[in-house]
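Heads up, the next two complexes both have chain A, just with different partners, chain B and then chain C.
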Partner chain A sequence: MQELINGIVQGSVFALVATGLLLIFSIVRVPHFAHGESVMIGGMVTTTLVTQAHLPLVLALVLGAVSGLVLGLLMCAGLYWPLRHYPEVSVLAASLAVVLLIETVATLIWGADPRVTPTDLSGALPLASAQVQWDRVILVAAALVFVTATWAYVHHTPRGRAMRAMALNRTAALLMGIPVRRYWLIAFAIGSGLAGAAGALYSLSFGVSATMGSQITLNAFIVIVFAGVGSIFGAFGGGLLLGIVQSFGGSYISAGYQEMFGFVVMVVILIVKPQGLFGAAKTA
Partner chain B sequence: MLPRLRSALPWVLFAAVIVLVGATGGPFLMTVGMVTALSIILSSGMNVAMGYGGLLNLGIGAFYGLGAYGTAILSLHFQASFWVILVAVVVVAAVTAVVLGLPILRTRGLYFAIATLAIGVIGTDVANNWVEVTQGPIGLAGIERPDLLGWDLSDLQPMYFFAAVVAFLAVGVVAFFARSRYGQVLVAVREDEQLAQSFGYRTLAFKVGGFALSSVIAAVAGIVYAYAIQYVSPTPFSFLTGSFQAFVVVAVGGGGTVWGPVVAAVLLVGVPDLLDFSPTTNQFIYAVALLVVVVALRGGVVPALRRLARRAAPPRPPVAAGTGQGRSREVPGQRVPAGGPPTA
Partner chain C sequence: MATRYNAFPKGALAAAAAVAAVALVAGCGGGSSGSGGSGETIKIGEIDSLTGASRTYGVPQHNGIQLAVDEINGKGGVTVGGTKYQLELTTEDDKSDPATGVAAVQKLLSQDDSHFIVGTLSSEVASAYIPVIKNRDDVVNMVVGAAVAGITDYPPVYRPRVTSAQYTPQQVDFLDQLAKQSPITNVGIVYDQTHSGVVQQLPVIKQKLADGHYTVAAEQAFDLSASTFDTQIAAVLRGGAQAVFFQGYAPDAATFVKQSRAAGYTGPIITAVGFTSKDVQNANVPSAAMNGVYDIGAPFPKDLVALGSDKASAAKTFADAYQAKFNDEPGFTSASAYNGVYILAKALEQASSPKDYAGVKKALDGMKTTDVPNLAESIIPQTAGEIFTAHQAYFQSAVHVWKDNTFQATALVG
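On to the complex of A and B.
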């Protein structure tokens, strides 16, 4: 039971990050390997604001999420948009270079040790035979709310419809007069905002460190491969699944191989069903 | 006669630098040369998959590690000779690459990159956690350098020459592969897989072959690593220091060119090592070099130099420089394989 809950908590972070990445990946179609850096910045800014500037927790959380969002917008406007006609491998290379730059600078600023945001929250929610600390309850609840809000935005607003159109057929969307650059920015804003929020919330319960970003990005891509570039809730489910797989694998097989289980499951899924678990081929 | 000479020139130059460093260089210079040679071998392996095949193999570090750990274990526990180790490592690497390649190569582009990234992470996990065999993070020390048919490698100078000769051979293998029928078909698959299929090529077989050759070269780099450093631990084969470094070297030098990785390995591994930068500075150099090359030079140093040379000497027939991925934009309709014409 405790494994299941740990898995869900960890998984909802993956889910939040992966939903953001899915939005960016399906609409903008760039390999945004610096997505995890938004998570890292979100977490780091939150801890720094609470421990050093003594801001109230809620404000720090919001500012943390915003800083992740800003990083995403900067990447979009400064890197991906200018490079939009370059081959995918070049964009991937540039993105990896930025990951390296950000992680190097972040290590210089914050050092390599993980940090946790101190909170006044204490106690836990008793759930069946297990205990769930309140900060983790908040994490899971916030993930659900954010992902549902994103889903509602994408599926029930005119802008969301335009975004889905871009994901389906970019050329046709362009011909229909959809302002591509504006929607790239919107996609990056929402996606990176979700990542920043995930990082901010994550820092309440787990340590965030300067070099965590690339691992998070990897996990988010695994979730996308799991779920297929399909629906937003598919990514959410994929994130939970990855968290649960890692949690159970970590406790029952070996903690050292924790990262490996997700990959193994991913490769199996790729072999069995190349479009991913929930892969309704090419819709968003 | 002139074109012949031109094509021989880089080889002569490469050999001359190797001999010069070995004959006149002190221990420091030879050590730097050895490390550069390792990078040349590894990136040449990367080049086969990434440059010629368009297959972004981000897990090549795992094969590099396979070679190094294989050498360490076989020589420490079984006192195996170099030749036994060479055959064993090459066979194991090739079989592993084919077995993994068959399912993974069904995916494309980014998905392939992520799947290979997974191989790399699994490799690092195994090296860190399978303590009974790999000693985990502590690593395996005390690997003895071999004696090759009476050529004793225990001193630095012969070891340097050995690494350099293997690097020379690795570049030779890439050059041979690029000109071979097999390599040309792989380039065709990279450019347009469906078109290649419609000509009746079984494209999956070519991709698996390219992936396997790339992995075998990386594993050979691992053998040289184990003998050169005489100590094997998980870190050098992890994503950032293994696969990513090879990726950067190929991307900066120019994928799909024989000499791109060699030039970039000297620039990005040899020169910073010579100047003895801190690891942080090194990371900066990698990141900035990569950004500059991707944004400004499009496709790497060597293709850019070639474009420059072409502009300087207009009477020569035009030559399309491959970008290592996708179609070359500058010269539509002239998709010469990226290995370049024989004069390259």
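On to the complex of A and C.
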């Protein structure tokens, strides 16, 4: 039972990050490998604002999420937009270079040690034979709320419909007069904001560090492969699945190979259902 | 139409360029200091983990080296073959990364012409660069941090620093003491699989536990700078571990303590990480959660003072000088680093020239603890009072317990 709860908690973070990445990837179609840096910035800014600036926790969480959003917008404006006509491999290389740059600067600022945002939350919610600490209950609940809100925005607002149109057929969307640059920015704002929020919430329960971004991004890409491109709640389910697979695999086999279990399942899914667990099969 | 889409604010691009410039400047190579003016110099190359995951230990280690170099130069330098020399320290950051460490050592040897090397902190980095120097007659490497066993088998390498192999029996002996107070039969082992010193000792610990009739209830690995130990803790709880050996670095140990206590594990946690209250604060560990955490490791200078060691006076002098220079307490390996430079300087003074590497090694082989009176650590004198046996120094360790919101040494062991 404890393994299941651990998996759901960890998976909620993966889900939140993957939802943001899915949104960006669907609209912009760039391999945004620096997405995890918004998670990192969100976490590090939150913990710094609480421990150094002594801001109230809720305000620090909001500012943490906003910092992730701002970083995403900067990358959109300073990197992906100028490179939009370049081959995908060039964009990929630039994206990886940005990861290194941001990690280096973040390490210079914060060092390499993991940090946790201090809170007054204590105690745990007993659940069958296990217990869930309250900060983790908040994390899971917040992830569910954010993902639902994102789904509602994408499916029930005019801008959301425009974004879906861009995701379905970019050329047709352009011909219909949808302003590409604006929707790039909206996609990066929402996606990176979700990532920043994930980092901020994560820092309440777990250590955040200057170099955590690349691993988080990798997990988010695994989630997208699990889920299949195109489904926000699919990404949520994929995130939970990855968390649970890692938790059980790590606890019952070896925590040292925890990350590997996700890749094994990913490869199996790719072979059995290449469109992902929640993705629709393409027809000719 | 196309130009319209290009109209992003210039500020965003400027900010990105500024970030890149800062990173590039920060990433540029090592620094040189310490000669203090004109005249003859002997180059000392330092390789240390000033950034990256081992930075917590690497920076205080660098400070210990810098302090010793500055003190020696302040006293006029070293006299080698009748000539006075100042020490010129060139520091290379290995970034806690083996490949960077290898490149740094090659740079020290080829470009800087530094054949006396002090460092490094990281066992992985040391293991990676040792093959570069192991067959060289013109290199002397004082390892003052890396704990991985076996590297002193190579002629250029001397280590005035404790090894992980020395901690292992001390940890198991301490577990025996705890087991006398309340029964312990099941033990969990949580270890950093990226730390070669720790990985190397894992079978030894398991064998010693088996010899002591303990059962390993859970054996769980993690990677350095882990953000969560949920999986490891679930396995420890499921296995019914009554005590846990945590093998890794202090920041990870602090995170493990916090998360395991929150998850309901109440038993003793035995570490050998050089815990400080700063690590506990950084991980936001409640003070109550630290009860039952025992850290066994090389004593900090303040421990030698508190326990009335015969090295108390030298340790206090060192700690005061460190505090005055860096406005901080010495770190886990600061004193070893400081001692390493003094031991090397003393050996240089017994050589015929700065190029007399064989003479330096001969001096190191025969050097006694009494030859270096300001040694700020509890080095155990060997058969005839030497510092080294087969290039390795041996130390007493201190048992640290959490009391009054800090770690306090209760006894010297070993």
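Criterion: the second predicted complex is superposed on the first by the 280 of 284 C-alpha atoms of A that agree within 3 Å, B and C clash if a C-alpha of one lies under 4 Å from a C-alpha of the other, contacts with A are read in each partner's own complex, and residues count from 1 in each chain.
In this section, a contact is a pair of C-beta atoms (placed from the backbone, for glycine too) under 8 Å apart; a residue touches a chain by one contact, two chains touch by 3 or more.
Nothing here was measured: the structure is a model prediction, and the numbers come from that model.
Undergrad: I'd like to know which partner A:181 touches here: chain B for first, chain C for second, both or neither.
TA: second
Undergrad: Using the superposition on chain A described above, determine whether A:237 touches chain B (first), chain C (second), both, or neither.
TA: Neither chain B nor chain C is touched by A:237.
Undergrad: Check the residue A:271 against both partner chains and state whether it touches chain B (first), chain C (second), both, or neither.
TA: first
Undergrad: Looking at the overlay, does A:256 come into contact with chain B only (first), chain C only (second), both, or neither?
TA: both
Undergrad: Touch check for A:78: first (chain B), second (chain C), both, or neither?
TA: It touches chain C, and chain B stays clear.
Undergrad: Scan A:20 for contacts with chain B and chain C and give back first, second, both or neither.
TA: Touch partners of A:20: none, neither chain B nor chain C.
Undergrad: Which holds for A:96: it touches chain B only (first), chain C only (second), both, or neither?
TA: In the superposition, A:96 touches chain B alone.
Undergrad: Return first, second, both or neither, reflecting whether A:11 touches chain B, chain C, both chains, or no partner chain.
TA: So A:11 meets neither chain B nor chain C here.
Undergrad: Which partner, chain B or chain C, touches the larger number of chain A residues?
TA: After superposing on chain A, more of chain A is contacted by C.
Undergrad: With both complexes superposed on chain A, which partner does A:118 reach: first (chain B), second (chain C), both or neither?
TA: After superposition on chain A, A:118 lies in contact with chain C alone.
Undergrad: Kindly list the residues of chain A that each of chain B and chain C touches, one partner per complex.
TA: Common interface on chain A, chain B vs chain C: 82, 100-101, 104, 107-108, 254, 256.
Undergrad: Taking the complex as given, what residues does chain B use to touch chain A?
TA: Checking each residue of chain B against chain A gives 50, 54, 56, 103-104, 106-107, 109-111, 113-115, 117-118, 121-122, 125, 128-129, 239-240, 244, 247-248, 251, 255, 280, 283-284, 286-288, 290-291, 294-295, 298-299, 323-326.
Undergrad: Under the definition above, what is the set of chain A residues touching chain C in their complex?
TA: For chain A paired with chain C, touching residues are 2-3, 6, 9-10, 73-74, 77-79, 81-82, 100-102, 104-105, 107-108, 111-118, 124, 131, 133, 180-181, 202, 205-209, 211-212, 246-247, 250-252, 254-256, 258.
Undergrad: Inside the complex, what are the residues of chain A that reach chain B?
TA: Answer in residue numbers: 31, 82-83, 86-90, 92-94, 96-98, 100-101, 104, 107-108, 214, 218, 221-222, 225, 254, 256-257, 259-260, 263-264, 266-267, 270-271, 274.
Undergrad: What does chain C use to touch chain A in their complex?
TA: My answer: residues 5-6, 8-9, 12-13, 15-16, 19-20, 22-23, 26-27, 51-56, 96, 193, 220-223, 225-228, 230-232, 234-235, 237-238, 251-252, 255, 258, 262-264, 282-284.
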